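Before any comments, here is the structure.
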């Protein structure tokens, strides 16, 4: 975005470096970008909450909200307005100050991530060379918000939820961080755009199928991201059956909507990061990034929109996978959660990093090995997807039902 | 005792083997589970969107036997109150005006309320109804704003009481309105204001002691019937008609006989001597039947009791204090039944006086044995019938010895 | 037994009521009575040190309607709707228990066809009760989807029973001496259709949740109960059979027409954890549903054709005072027992209903030592306790 | 083993303190003294032939006429598949009996319930508190002469019946109709 602003200033005939108002222009640009990004985050969070309720309903053989707007699409607007109008309770023994600012901490932690997240070929707020490092650092703020909200609600259940959530997020930072080291190793840079450019459009060019360790790293990252987003099977902090609703039990109205927004918005962040790192981001199959940069005028705009669409499609698929997991798996117990992190994910991710390092040396020596591995892994992936689809169809016919995706929406 | 080690420490040996097996098991079971939930994405959801987006209206989807709100078709209600007695939580409340059958119909219902807020829809009231007047409808949408709107009033205006229905003899089916029509009309709209109930004091002021016009004068009616019974003493069918007039005439079957004809015929033939079996008739029928029985036995109609002091000179005693039909000593006592009846007639009378539960408390195998002991083997201890208790004991003394039983 | 625990808690009028919990610096948690996973209104005073519980003292009585006192006021047939409310999730068994007790008081035999109607209604109700228990247990452990699947199947059973006797939950279908209604026309093939469909759904249910790795990890080795401890605490039904001791009243003390059916009694084998743990109790209930389907098939096949639903019973039932009767039936929650002492006149002198959930609650205190809070939730769900049955 | 054999076995052990079996029409039960209930139960559980390893049911029956409260123990042996009934008659004014929680654990809750609902004192019970009713409830509901207290902590235990309102409504309507009838000219009332 800074390049864009510099061109703007030059077009006005000033030299960005010397002109005394450049900082104000940057400030205005940042404000505009922030406004766009936060609205994008809020709207996607709302839409995901409606989408999740429809997906959950359909998976449980129910219908889900379909009254407000076409197919119930404006349900989230109704919810948002309801939450805004609801009374904003503060329990009297609560620690008033902490209770009030906790949601804003979480909001800040969540919104800052969008700075480094790419959307398409040129659409990114700031393509920093420390992009990934920045993202990992900023998500830590959410934990501060959660502990503050749990502690300040002055209720035993909230405290339980907060401490569980803190333990979970902090301990899963490590496997997530290590798993993300592998694409950094393969791409050689930490900037998110750089990592996407290092991959290609076709599946076998993705880091996911680059080598077995990267394949495993994707799953390790995905599981850790689930834990950091407090999503099933790690939704211990808001375990309905044990802690009623964990740290956000005492919140209501506007403040609750922030918790609500962060939880659903986090789904986009989690999936976008996974797609950026392992699935070739906005790369359009068949169009190499260099030729993409060279495109100008109408064709350039079309390619830009296509890259945005590709990125959005991949991310939405993974958001669907996150929802799908929530409505299938039961919840892990606290000690099993810690046990899984420290005994399964951390060793696996460390081993993965070492393996990739060795693997890159090997591929430099024997390049054909890389291609062979990529194609076999891609073939493996394709086969398992088809097997899964057949299994799903057999499930339907086993219980005597029919394939029916159109009725009773 | 089973010690409960925290499960995580019970990891099996061979950690790496367990590690791989755990990962494989998890992957396999997630694969299975996820395939099931995804398969439901491509199936028709089962739920239907009541109340407005229903493929077919909800009343047709409910089976015929559904037990919804109760409905009473007053045209075929015989006012026998069998449903009121059958209800475990007394949700049905019926007020009956007794009449002498000539100027005023014999039984008129002044009030028939069912509190559907308290009703538990158990269906016990529908079974004993002789004409099937009370039925469960398929109505269940009864949301109301005020608790007091939950009472269905089947007698629309208490000033025009509804006469009881006299079912034609041997009728099998009774014409009734289509099920649900009456209740649908009675269930109030959800936001209807509750009726303005008067406070307790206002109602007390309104309470007037004057007997209701055309009300039944039990004692006078009893003596009339007794006199008529004496004239037709030999002619059993006519006697049966007179006795049946004393009863409520609802054929409800609570007396153990199929209908009123059966019970009155048993009394007329001398097979049954208990005046208190007519439940709907209640105290009035019992008093009238006692007058008739005593007059049949003694051959003299009992004189009217002294008019209650201060009652208006109109000669009508207030029904509240029915003259005790059998002034204990005034009437000349005939010989006890033991001498007048033949052995098997006496046997039937004694057997009927007992509780008839064959409980064996009287050390005889059953009531039949005990009765044979009294009638044929001269058993003198008449107090052994435990379930029958005090009233059987007095009846047995009266039948066998014609005297009052000594205090226990 | 540790010293009873002492802690001051405020009573309604702020009177200091000494609740017997020791002050040891542990956190005192009131889990309930309004809590999403205590299966009705039950309160657990939990003394925890962080996540691990030292003791969980159950407090019951929030749903006490003293149905036994009402039994002394109602007539024999009038009490039947109240027995529905003893355990409204498996109401048919409570009806059957009361009907059998009073029939033993009267010493009467009921027609075979009526027995078949009772068995069909009871076995359908057993499946619907187990569906609720299995569904809520999956939800308490976090898997939300199996619950709507279980409820969807239960909805089919509710429709079947609604068509049979007019009510969906509190049936009041049985009468002293038989049943209230005959099977409606075409009912047999509807039940047959349901049973065929249901067995396929059971396999799918097993694939979805029973053998799910997280589900197994959460429930294996959780609060294992030995057969000896179960008998000592008088656990009954699936809870007892999960410990490996296969006692089923339908087999051990056959009543009604059960001897005419072939079905086996699922017994806990410790397939995934130790024998008698929470997973075994869950598995026993799933298998019992399969066996109930078998019974239903045989019942439909061997049904007599005389369609005589009621024995000859006097309208006013009078039983000499002091006669007693004891009836035992295999309810969905185990061995439900009625002890009835007849009173003078038309109602009973004393009615005592001993239910499976009541004694199952007694064992929670002993089992809860050292578990975590999430385990206590899973333990309560695995014992399938239901508040109305505990408090009556 | 049949009821008679069980009775003889107990009589052999305890001699004259064991009475005869109850008459035929009731379930075979044995009336024993309150004092030695603990001893009999322990013997019933430990004895090889009886092996009553489960106290199935413990109920109390209130007989105001005989001024007695009868405690009824239903025992069951899972191994021998036979059951038995022990009865103890206690004085109604002060029902007191030894607790058998030391023999069977299921007795703990069963006895607490009978203490709560019938007021029978079980001496030696580890934690004899009310189980169903609040701790400061007055009276024992299952007694025949129990009168419910009108309110508990100013929460009323009764609810007025809405039907009375309707009755008062009818009364008023009748009063108005009579007044109108009295004002109107007299005419013969015909059915």
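In order of appearance the chains are A, B, C and D, and numbering begins at 1 in each one.
One rule holds for everything that comes next: a contact is a pair of C-beta atoms (placed from the backbone, for glycine too) under 8 Å apart; a residue touches a chain by one contact, two chains touch by 3 or more.
Since this is a predicted model, take the numbers as computed values, not measurements.
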Chain centre separation (chain C, chain D; CA means) in Å: 22
CA centroid of chain A to CA centroid of chain D, Å: 63
Euclidean distance of C-alpha centroids - chain A vs chain C, Å: 45
Chain A and chain B: spacing of chain centres that average the CA atoms, whole Å: 70
Residues of chain A touching at least two other chains: 59-62, 327-329, 335-336, 395
Set of chain C residues in contact with two or more other chains: 145, 152, 204, 208-209, 212, 214, 217, 323, 372
Multi-partner residues of chain D (each touching 2 or more other chains): 25
Touch-based graph of the chains, sorted into line, ring, star, complete or other: other
Touch relationships between chains, expressed as pairs: A-B, A-C, B-C, B-D, C-D
Chain C to chain A touching residues, read off their complex: 27, 29, 35-37, 51, 138-145, 148-149, 152, 197, 200-201, 203-204, 208-209, 212, 214-215, 217-218, 372-375, 377
Touch list for chain D against partner chain B, complex: 25, 161-163, 165-175, 177-178, 189-191
Sites on chain C touched by chain B in the complex: 52, 74-75, 77-82, 84, 145, 152, 155, 159, 162-167, 170, 172, 180-181, 184, 204, 207-209, 211-214, 216-217, 220-226, 229, 273-274, 276, 314-316, 318-321, 323, 344, 367, 369-372
Chain B - residues contacting chain D, complex: 93, 99, 103-105, 110-111, 113, 115, 117, 147-148, 150-151, 153, 157-159, 195, 197-200, 202-203, 206-208, 210, 213-214, 360
In the complex, chain B residues that touch chain A: 6, 8, 19, 22-23, 30-31, 33-47, 49
